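Take a look at the structures below.
Shared chain: subunit A. Partners: subunit B in the first complex, subunit C in the second.
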Partner chain A sequence: MRGRRARERRKAWLLVAPLSIGLVLFLVLPCLGVVAMAFSDWHLGQENIGFAGLDNFSELANDAVFRRSALNTIIYALSVTPLSVLLGLMLALLIESSTLGRAFFRSAFFLPVISTTVAMAIVWEFLLHPSLGPVNALIAALGLPRQGFLNDAALVLPTLAGIGIWENTGYNMVLVMAGLKAIPQDLYDAAAVDGAHRPWERFWTVTLPLLGPTLVFVVVISFLRSFRVFETVAAITQGGPRRASEVILFTIYQEGFVFFRIGYASALTVAFVVVLFALTLVKFRFLDRRVHYG
Partner chain B sequence: MNCRAILRLALLIGLVVLFLAPYAYMLGFSVKPASEIFGGSLSPLPTSFAGFANYVGVIQRRPLLLHLANGAVVCAGILFFQLLFALPCAYALAKLRFAGREAVFGLVLFGLLIPIQVTALPIYAGFAGLRLLDTYGALIVPFVSSAFAVFLFRQFFRSIPDEMIDAARLDGLGEISILVRVVLPLTLPAATAFGIFSVVSHWNDLFWPLIVVRSPELNTPPLGLLAFRSAEAGDRYGELMAATVLVTAPLILVFLVAQRRFVEGISLGALKG
Partner chain C sequence: MKQHVSRRGAVVVFAATAAVAAGLATPASAQRAIEVVVQYTQPQIFDKVFDQLKADFEAENPDIKIKFRGAHKDYTAGIQALLREAVVGEMAHVDYVGLSYVSTIDQRGLAVDLAPLMRADNSTFEKGGWTPPLQSLGKVGEKQLGLPFALSMSLVYFNADLVRKAGFDPAAMPRDWDGLLKVAGKVRALGPDIAGMYMPYASNWYGAWYFQGVLFGLGGEMMPPGAQAVAFDKDPHFQRAFGLYRRMVDEGGFVPLADQAARQQFIAGRMGLFIDSISRLNNFSESIGDRFRLGTSPHPVGSEAARLPSGGNVAIITKAAEKDPAVLAAAWKWLKYSTGPHGTNQVIRNVGYTPVNVLALEDPKLLKGYFDDRPLHKTAVDQLPLVREWFQYPGTNAIKIDEAIGQHLESVVDKSMTPDQALVSLTKEVNRLLPR
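Coming up: the complex of A and B.
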């Protein structure tokens, strides 16, 4: 019997070894590395790496680009999250309220989620083109002045947020749908017995309270996703014009992989992770609660 | 049909038209001749058809097919190794007892929280030191040990009753043949959902390929599109739209065939950080 146990143990180690080694090499060591590098003055290509103490972090605190970038990212996430969650919730309720066209509508609104973001960003850039784009053709046909949606510093962030909403709504919609399925039909029957007959009454007395944890979960997920906006910015605006669409991941990308300021980019990454961790903790608290309802 | 049903349909149809408009224009402009595009028209429908010229033009003048093939190689490579490493590990975590199990699982949970953007700098510096940048390996290797895959499959394996595995052991099967012959066939739905999640994420990814790829021959589909766009600087919109169609079409076509599985697979991603 002891022999069998020992054999089982050896086999288990064999089974977990490849993945564990991979996680150590590509997760644990890089995480330690990024923290260590945040305290260095390393430029890629530079031979000697010096200890920089908190220099990178004090630079970060005084860096106008970083401040702009952090603010833009927060504004973007705070615009995309509420609108895409509300729209997603509305679509989920509308679509699930009848079987007519249900599968078609669900797939149609989900399509942007699986479409290659870079490709769709290029399509949007064309749609919004000041002289050739159909959006401006429509605006001009209505007798209004054409807009440089992506070249105007005042319009670029709201425009990117609009594209973000288009991209994320379908995702939030299917998450809400999953939450709706978990609400037992008995509760609607009970509410009907208690006199809640109209759809609005059912929504306020049953759907919304029971969907609460799901919605908080969806809000956090959506915020996390939009906080990591990168593709549309990298593909269309490169942070411009005049840094009006500079966002955190794009700043990290430029500092680290274009200017090769590894030390400073690492400090930016550490700041970014702190926010991600805080949000993820909130998410898992609500995930647990959601499981209990389910 | 009552009033409420009509209102529902009207709202949904209105929104669908809005949401699908970019696709209509993408398709429409991919078959429009340049003269019509530079006229700045509002309608997505072409008056004369130049689809052949646009699609053939983009394939002949740009290595787009190579970029699509690169995307397929990278996605297949990543998924193959993810499954190869994650399935055994998840099985051991779910069904076997051994010292260090908690530690490995802790590592997996930690991995769920960390996106590639966090580990990118040190991995990049390491690859640069080893002269591995700008290779297929650099595009694939950082993703092969997927904590997310282990987490999903462990969850799934725990739902398989121990009695079934004990019975196989009594029949004299070793752990590895139990995994291959008893457990894996049951895993197919979970593996499909994960596979969709993985392929969609990596086909569409821009961040990591943008960092490690230097030579145009290695471009993944998103990189190929960006290269095309900056090379032509807005002269060949019809061809550019044809290229975006070719890049988005593979996933969309599979999605239309397997909609339920897609929704399932992609919404799994909500568990990940």
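Coming up: the complex of A and C.
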């Protein structure tokens, strides 16, 4: 008996070994490397590497650029997440409620997700161009003043958030659709027997509670996705004007690969991951408590 | 320091051995071609040039094979890769790096000093067609770390139709700032969605390169030689230069935009003047087509001592080539070829830029007479005597300082600071970033 269990255990280890080795090699070790470098003063390409203690972290605490970009990122994530989840949910319900053109709408709204963000960013830049773009042509035709959506420090972050919502809504929609498919029809029938006839009642008593787990997942995923915003900023604004659109990943990229300050960039990364991890934990805890798992 | 001396000694020894080895090994090397690994950037610009150079070079030197690594997208990506490769010991033998990174390469000790190799050839850089200003671009202290391959300078592109409409003669564009701002202001007044002018200023760290054009054009210096700290707020050249950015907005109809958006607007024919690098010439001409008549005029200057910074790239031989004297000798041969008259000829004809080797200009088979019927391109060639190095601040924060300059210019342009306020703030920040 015991020999067999040991054999099985060995087999189990053998089976997970390839994955585990890969994980350690390509995930755990590089992460530890980043943590180690966060305590160094290393500049990319330099031969000597020195121990910097907590210097990087104390610089981080006093870095106005980092504070600005952290704040921008939070504002961005807090506007993109709720709106893209809500819109995704609405679109999913709308499309699933009728068979008319379902396939077409589904792919139309999913298109932004599969298209290359950088290419789309350039299209957006043109659409929003103050004197050449169609959006401003429309605004001017209405007799309103042209707007520098991407060049005005007050408008740039909301504009980027708008692009983010456009990009994430389709993704959330597909996830919600999958959740909708998993709701058994008999529950709707039962609700109808109990007197829930109006669509709103059915949504409130059946759809939403059963969609709970999916929605938690969607919220967390789209929060994490929007926290990682980078491409639109790098392709269009480079964090400008005057850092109004500087986000954390862009700051890390600049420090590490434009200024070559790997030590400091690593410290930023560590701080970023810790915060993100903490937020995710809190979210799951908080939302889990209110979710009904069927 | 000691290490540096011994390294340089080693180079001389290597070079000497290489010369001897090359002489002795000719019959044997016919079987075994020496491979030189070459790295460059911006395939869309340079692929054609390098393919041609490789074919010609290998035909002349059958014992050397040139092997290209996949080209990086831009200078930033190129230097990032080089620095990473330096860590793991996998640098290419010859690399074409952005001019702003010469001091980075010096600090890391990644490149071979070319001067001893030239001496071992019993020749000089002057004899090879590299004038002192051209040499200076790849020089740090006494070390000649690289030679220019493709060289760009700023100049004024203008929409000749709009300039004429505004009442000026496109054939007689002013060369001073006052005159140019007047032209731009009049163009601006032509219509509500027509901009006067633009020059890249802040959207990236290289905004500082264009700033150096303004400052050097006024006869200024980014940092007085030998100084340990800066005092921009008390430097009359800096005051004038920062003041000019505000005047461009107030008088010249300068629009605060991102570079790409501004280029689109110029190409669409809704902007008068665009100060940009000569490397954009082909790109601008092709995108504009016959939408309007494109003109170029010299970069505005305001001093007898005016100079202009160069952009573009230099060819270096990395320390990776030192391991094998035969490879070092072959790499040196390729470097001289690609930055020499033939390389210059290919770059100018295929891409644009300004000539990096004066011998090419004297050879009727190469570039002599080439610019006579190309007035747009010739403007840049005429500016060549003004060329000087792309200034880099000392220390490891050099690029960060460039970015700080860009940020402050942005504040001047969008009027969140006066030029004087910006200079005070910038002085404080740069002094914090300079090495102590």
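The rule is short, and it goes like this: the second predicted complex is superposed on the first by the 250 of 294 C-alpha atoms of A that agree within 3 Å, B and C clash if a C-alpha of one lies under 4 Å from a C-alpha of the other, contacts with A are read in each partner's own complex, and residues count from 1 in each chain.
By our rule, contacts are C-beta pairs under 8 Å (C-beta built on N, C-alpha and C of every residue); 3 or more make two chains touch, one makes a residue touch a chain.
The structure presented is a predicted model; accordingly, all values stated were derived computationally and were not measured.
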Will subunit C clash with subunit B on subunit A after the two structures are superposed, or do they fit? clash
Which partner, subunit B or subunit C, touches the larger number of subunit A residues? B
Mind working out whether A:P18 is in touch with subunit B, subunit C, both or neither, as first, second, both or neither? first
Is A:N151 touching the first partner subunit B, the second partner subunit C, both, or neither of them? second
Have a look at where A:H43 lands relative to subunit B and subunit C in the superposition and call it first, second, both or neither. second
Mind working out whether A:V274 is in touch with subunit B, subunit C, both or neither, as first, second, both or neither? neither
Of the partners subunit B and subunit C, which touch A:A192 in the superposed model: first, second, both, neither? neither
Tell me which partner A:T237 touches in the superposition: subunit B (first), subunit C (second), both or neither. second
Determine, under the contact definition given at the top, whether A:L132 touches first (subunit B), second (subunit C), both, or neither. both
Using the touch definition from the top, say if A:F257 reaches subunit B (first), subunit C (second), both or neither. both
Stretch of subunit C penetrating subunit B in the combined three-chain arrangement, among 38-46, 164-172, 182-190 or 218-226: 38-46
Quick check on the output: what are the common subunit A residues between the subunit B footprint and the subunit C footprint? 44, 122, 126, 131-132, 257
Complex contact set, residues of subunit A against subunit B: 8-9, 11-13, 15-16, 18-31, 33-34, 37, 44, 91, 94-95, 97-98, 100-101, 103, 105-120, 122-124, 126-127, 131-134, 136-138, 141, 166, 169-171, 174-175, 178, 199, 217, 221, 224, 228, 230-231, 234-235, 249, 252-253, 256-257, 262, 265-266, 269, 272-273, 276-277, 280, 287
Under the stated contact criterion, what part of subunit C meets subunit A in this complex? 76, 80, 82-84, 86-87, 104, 107-110, 193, 195, 202-205, 255-258, 260-261, 264-265, 268, 270, 396-397, 399-400, 403, 407, 410-411, 414, 416
Subunit C contact footprint on subunit A (complex, rising order): 43-47, 122, 125-126, 129-132, 146, 148, 150-151, 153, 236-238, 240-243, 254, 257-261
For a test of understanding, state which residues of subunit B touch subunit A in their complex under the given definition. 4-5, 8-9, 11-12, 15-16, 19-23, 25-26, 29, 37-38, 40-44, 84-86, 88-89, 91-93, 96-101, 104, 107-108, 110-111, 113-115, 117-126, 128, 141-142, 144-145, 147, 150, 174-176, 179, 200, 203-204, 206-207, 210-211, 221-222, 225-226, 229, 237, 240-241, 243-244, 247-248, 251-252, 255-256, 259, 262-263, 266-267, 270-271, 273
